[in-house]
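So that you can tell them apart, the chains are marked A, B, C and D in the order they are listed, and the count of residues begins at 1 in each.
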Amino acid sequence: MGKAKYWSIVYLMVPIFGVGLFVAAPALRMWLPADVSEHGHTIDHLFVFIMYLTGAVFVATECALVWYLWKYDSKSNPAPTKFTHGSHSLEVVWTILPAATLLFIAIYQINAWADQKLVRRAPVESVGPDGVRGTADDVPKAPIAEVTGRQFEWRIRYPGPDGVLHTRDDLLDVNDLHIPVDEELVLVIKSEDVLHSFFLPNFRVKQDVVPGMKQKVWFKAVKGSEGRSYDLVCAELCGWGHYKMKGRVTVDTQSDYRAWLEKLSFEQHKTSEPPPATAEEQ
Amino acid sequence: MSSHALGDHGHAAHAHDLHDHAAHGHQMSFIGKYIFSRDHKIIGLQFLFSTLLWFIVGGLLALGIRWQLAYPWSKLPILGDMLFSGEAGQMSPEFYTALFTMHATVMIFLVIIPILAGAFGNFLIPLMIGADDMAFPTLNMLSYWFMWPAFVCFGMTFLTAGHGAGSGWTSYPPLSVIESAAPASGMAQTWWLLGVTFVGVSSMLGSVNYMTTIIQMRAPGMTMFRMPMTIWGMFITAILQAFALPVLTAAGFMQLLDRVWDTGFFVAEGATANNAAAMSGGGQPLLWQHLFWFYSHPAVYIMILPAMGMVSDMIACFARKPLFGYKPMVYSISGIAGLGFIVWGHHMFVSGMNPVLGVTFMLATMMIALPSAIKVFNWLGTIWGGKIHFTTPMLFAVAFVSMFIIGGLSGIYMAATPVDIFIHDTYFIVAHFHYVLFSGTAMAVMGAIYFWFPKMFGRMMHDGWGKVHFLLTFIFLNGTFYPMHLLGMVGFPRRLADPYHYETFAHLLPMNQFMTWCAIGMVATQIIFAINFFYSMFYGPKAGRNPWHANGLEWCAPSPPGHGNFDFQPIVYRGPYEYGSPETDEDYYPQWHPPKQGESSGGEEPKPH
Amino acid sequence: MMRQVQVLMLTAVAALVSAQVAHAVDYGTIKGTFTIKGMTPSMKKIVPNKDVEVCGKQELHEEVLVVGKDGGLANALIYALGDAKDANKPMANIHESYNALKAEAAVLDNKGCRFEPRLAVVWTAQKFTIKNSDPSIGHNSFGQPFANPAFNPLIPAGGSVTVPLDKPEKLPFKVSCSIHPWMGSYVIVRPDPYAAVSGETGAFEMVNVPVGEHTFQLWQETLGYLKAVTINGKAEKERRGQYKIAVKKGDNELKIVVDAKDFKTQIDKVK
Amino acid sequence: MKRTLSKARPSVLALVTLAASLASLAGCDQSSQAYFTATSAPKAEIQRSIDRLDASLATAKDEQKEDIRTSIKNLEEELGALPEKQRIVTTIVDAMFGTPDKPIVLSATGLDANKIRLAAGPTTANQDGNTGGLYRRHCVHCHGVAGNGAGPTAEFLNPYPRDFRHGWFKFKSTGINEKPTDDDLRRILREGINGTAMPSFKLLPAAEIDALVEYVKYLSIRGEVENTLYKRFDDDGIKEMLAGAMKGGEAGDEFRALIIEDLLSDEATGVMATWKRANERIVEVVPRPEVSSEESIQKGREIFYGKGGCVQCHGDSAMGDGQTYYVNDIDATRSNAIKQLVNPSFPMQALKPRNLRYTVIRGPSRDIDLYRRLRNGIDAVGMPAPTIPPEEVWHLVDYVKSLPYEFNEPGPTQSENTRAN
């Protein structure tokens, strides 16, 4: 029974492996996926900040736990134990310290949240009723495309040449969203049937799509991401085929993006097709 | 020892009365005694056995999920050919959705909530406060028997097409309402809603009973601040249930109406799925989320507060030291309960709820971490300077603390709204609540079973095998759940039957296979527990009244207690945690021991109730 | 060069020879009847549920088996096989009286919400026209031939459409109307005009058939191949319903009797 | 006597259930063959006839009853003979085409064995996301192992998934009753079928899509051969051939070669011939007439309500409220096309003409796709082709495309977080 205190080693493994696994995680490719959005780094920064903070608390409390278990084992500590019902001052300290920390985190992140969620408005030049040319800044930015979640795919609708959605010249596509690089863009996301969630891991974007509501998301693909494709995931259970709802976001240069739209338009309106022998679509 | 308390209080008439009760109990038929029993202990045990049975079901469902995540679309062992011959024995995607839906449903509604409140609440509350039974024994019996319709309803969901409800345990509309959106669920979703309603009725009956009993039936001298933490946990839980549950029950009925009678509380106008006719709708899917989380967030505390209480009792007992900061502990439990009512919105940060509202919920959520932190510090304070006995229940109790630290800290990530945008509905969340509910509550429950087993059955469980059970469970649970944090960091989403066709997640397969084998190990380990449990029930060494030398009132009753619990009227002289008190030579000072001559009991004088 | 000349010469000779042979051939006429022996089930009445104002005017019945007075079997098909091995081969000689037929289109009419005729015979030399004689409602005729391309035109009231059917078919194919699901008919496309369908009384006539023994295909829509029949009093069996029948100069009588029992199970299955 | 029977029943039932479950457990490994015949349409059809006759007995006149009883007896005999029939057909088809785990690719089918191998068999995934068993990863839930459109998810879908065994495909560049070209199938896989449960697999690598196209063709050919064997089973000649093919050794090989020749390669009716000629049966798209789009829409409108006859099914409002039929109601529709579409054990589904006011058109929606559909009609569901000159079809295309917007010109833009209309 004198060996009973060795049980505390079991608990010691928790901080050791717990921290160890996080240290090894980047090598295992289990870290936040590459961030290609402009605002993503604030989220990553917050994540890492909280990780260090909680990590420190985690290690400290777990170690204290193990140390006390080890030290005050009944066999190695047969002497009368401390008899106390608590300490008022200690309680005050360990109430105020965490409270302050938590409040700090809370306030620290509000900006990042607002930046992500508040409506983007674009200044629009117009002539007012008094005939003075001015800038109106309360016009919501026009969306670059509308993405509609549907069991089990993402339907994408570009506004077409007239720049207005839901007209006859709209360009339609499925699961394959193209966006221009280095431009802050707005997407309207909708649902046709049930809840879906528009999740772009690499852009740190996630927004549930609620039938009956129009949601908007904003992000900006940073330079250097052009020419690459990123996963578009559905993150809200939408039925049996939830896992199938896979889309792709491709970041294009401005010229590639225009070419893509043109190609889409050409495909949509072409009136002849080359014979199949040469139509190897690869 | 506890036996010396006997006879000191030999109120002859009362004892005779009790004896009569006991004799009467013996004459009752088997059915009267064990099936339609109104004795809180029997009801508690009924709850215990039922919930442990469902625990097995829930565990097996979890293995099904893990199998699919480790070996997606490979033939399901054993059941594959029977259930999915049209698909070469691989599980169907709608079966996968049913698996995780029913795993969560079974674990939450049929295991954790009833095992805490139903099994331990019933068994312990009268014993720990010195009452001979619950305030309303018949109501108590009904609260168990209302679980049976729920068992049947949830059982029925497995028997309908698709083998279960498939809208997640949160049952978010429109998926759960528009039948054509999840046609594989069919009637199962309706059965599911009925089942939840019955569980609600059962919990409601229980919580009314617990509140009344705790307020009205305490033994003489048992003031509110002399109640053990377990009772505080149960008390606050009962209050939470009583105030939050009606909202869920009402919302459940609304959803039932939406489903059965085509009302439109939760369905948007014109929503259509699977080419069925568009819904007339006019409702709001978000409304359900608000109503649901208004109950289900407090429910998270319903699932942990009693466990915290039991852990406090076990740690104080095996550290042979008073609980550090008893009153702060009580206040923090109350604080958690109070704040628990205003944080439900943190489940909805990315749901489309107004982002400004999100800020308020974020602030409240941050603050709710505070009482939890205080509790952890106080447990550390209790262990500090104690005289620690590494018994099986103590190992589980300390495991609870150790694991709850992880579960609590990971909660802060979610409270931080911008971070939540990324980790919402990923495995980070799955890791978080498994750390709280399995590594936390389930550990506490296992510890509590080892701890109160002698009181329940009059015999001890095998300590050696108990430790083996603990060690393996502890290793495997961390192997299963800890890597989930890492998966969550990559963005690995929940509830995906085949996440590996996304480039971002394809490389996570080996880790998932590792986790699956840990989960299989974890479930297999519980066989040790089951054997130990049943063997000890019949052949374990006989336990006296107070085998752990604990202070609580329950330990002055016979093991197992007869009908009416106490063979004398217990009177409470002090708080429940007077371990190692200098006032006595022994290292514990039970609540029912009268003060030694010339010494004060250290608190207010006991007043007869 | 030499070779080409040779080929040309050979062809010329062959043409001459065949012309001579043609001259020498005699022709006979088959006057026949299809009769059914035994009790047959009565056909169900159809109650139209679409376009009732037009389709409800006349009584409509199932037509999978139409039996006239005295057991005459209507809509049974007989056609000659130019070569028993190759059903697509035309008869070697086609009487010149048929030349006039080439200008005449074979017609399938949508009339009174049924197809008229139930079984249309098309000679590849003919055009095939589908008509819609019904007032105010459109019909579509969905045909799924085996060798020819399928067709499914929607024919407005009073309209007609010509469908190319220039490859012979081994068997009749079905034509249906998706709008009025009870409507159905069959079309047989032959490389020669030697095909006949029995009328209401079960009688049919095939004129100017070259004299000699030919293989004839017997077919009815419900039974398919008529595998067991009594021809002129003699019971015969052939698994593909192909029977050798000798044609004499002048009139030939051909009495084909089918046993009603064969129909029963088939009709029950179709119904 | 009665009492003992009823007493014995539960235990017998329990025993039978136990035995059945044990048998299914024991059958784990050998049952791969059984996957392909998971549904047996002929059986259901005959059973349905028997049930109907049974029901008619009650109302029948006395003199008819004997006849009906005889019919029932005959049908029951046929039903009894079915397992043997099925055994033979399955054995032959398995010998020709292999099992889902080990497909055999006959050279007569002209299919690419490497592609088939990538698509067939159990799913395997590795860390790089490369997979084998593509069909079972992506398709089997709906289309079933045998490609019979009866996977576990199938019966919950509207419309039902395609049953490849009949070789019917709706959206293609070829005429009706023709097979689709590889390009057509590839496009369906890439784009999905709008308005149905068929999702888009655009993001699969091209090689995987090609493999799946090939496998769909394989399943289709296999199914068509199986169907043909059933249909021709009673034919004495084919019965002899089948019996011969059941034999092992050279004799069996010879017969199998004969069947392959007969069913697959026959120039006129062989299954492969129809697939091979697909590229030649592409329907020509004529140039678009040069009129303004408004004029074209107006002309299309006239055709729609006039000589095109579209209004008869799609309704005065173009909302698809004209005609409706039921997909697997064999009594209601005699059309073979419709009758063979679905598993007869599934509940009946209404086959409705499209509501053309939805912005989403079912199936591929490029102009050229719409043109082909309006020119040829739609296979398998019985949409006929209007009898109008080919160039006028373009007007109809323009009109149909404009329908969703006809009375729905864009209103003022909505602000965020408001309910959509």
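Quick notes on this structure:
The rule is short, and it goes like this: a residue touches a chain if its C-beta (ideal position, glycine included) is under 8 Å from a C-beta of that chain, and two chains touch if they have at least 3 such contacts.
All of these numbers come straight from a predicted model, not from anything done at the bench.
Shared contact partners of subunit C and subunit D do not exist in this assembly. Greatest centre-to-centre distance from subunit C is found for B, with centres as Cα means. Of all chain pairs, the one linked by the most C-beta contacts is A-B.
Of all chains shown, D has the CA centroid lying nearest to the centroid of every protein CA atom. Taking the mean of the C-alpha atoms as each chain's centre, subunit B and subunit C sit 79 Å apart. If you average the CA atoms of subunit B and of subunit D, the two centres end up 50 Å from each other. One inter-chain figure worth recording: subunit A and subunit C are separated by 70 Å, centre to centre, where each centre is the mean of the chain's CA atoms. Work out the mean CA point of subunit A and of subunit D, and you get 41 Å between them.
Residue positions 141, 153, 156, 197, 417, 419 of subunit D each touch two or more of the other chains. Those residues of subunit A in touch with two or more other chains are numbered 151, 212-213, 215, 240-241, 244, 246. Counting partner chains per residue, subunit C has no residue touching two or more of them.
Pairs of chains meeting the touch criterion are A-B, A-D, B-D, C-D.
Put simply, subunit C touches subunit D in their complex at residues 39, 41, 50, 88, 137-138, 140-142, 144-147, 149-156, 159, 161, 170, 174, 176, 178-179, 181-182, 184, 239-240, 264-265, 268-269, 271. The part of subunit B that touches subunit D in the complex is made up of residues 72-75, 78, 80-82, 84-90, 92-95, 161-162, 180, 183-184, 268-269, 274-276, 352, 354, 498, 500-501, 503, 506-507, 509-510. On subunit D, the positions that touch subunit A within their shared complex are 141, 153, 156, 173, 181-183, 186, 190-192, 194, 197, 199-200, 202-203, 206, 279, 282, 285, 287-288, 359-360, 365-368, 371, 394, 401-402, 405, 408-410, 414-420. Put simply, subunit B touches subunit A in their complex at residues 92-94, 96-97, 162, 166-168, 172, 174-175, 178, 181-182, 184, 267-274, 281, 284-286, 319-328, 350-352, 355, 358-359, 362-363, 366-367, 369-370, 373-374, 376-378, 380-381, 383-390, 395, 398-399, 401-403, 405-406, 409-410, 412-413, 415-419, 421-422, 424-426, 471, 474, 478, 482-483, 485-487, 489-491, 493-499, 501-504, 507-508, 511, 577, 580-582, 587. If you check the complex, the residues on subunit D that touch subunit B are 21, 24-25, 27-28, 31-32, 34-35, 38, 100-101, 122-129, 131, 133, 136-137, 140-141, 144-145, 150-153, 156-159, 195-197, 417, 419.
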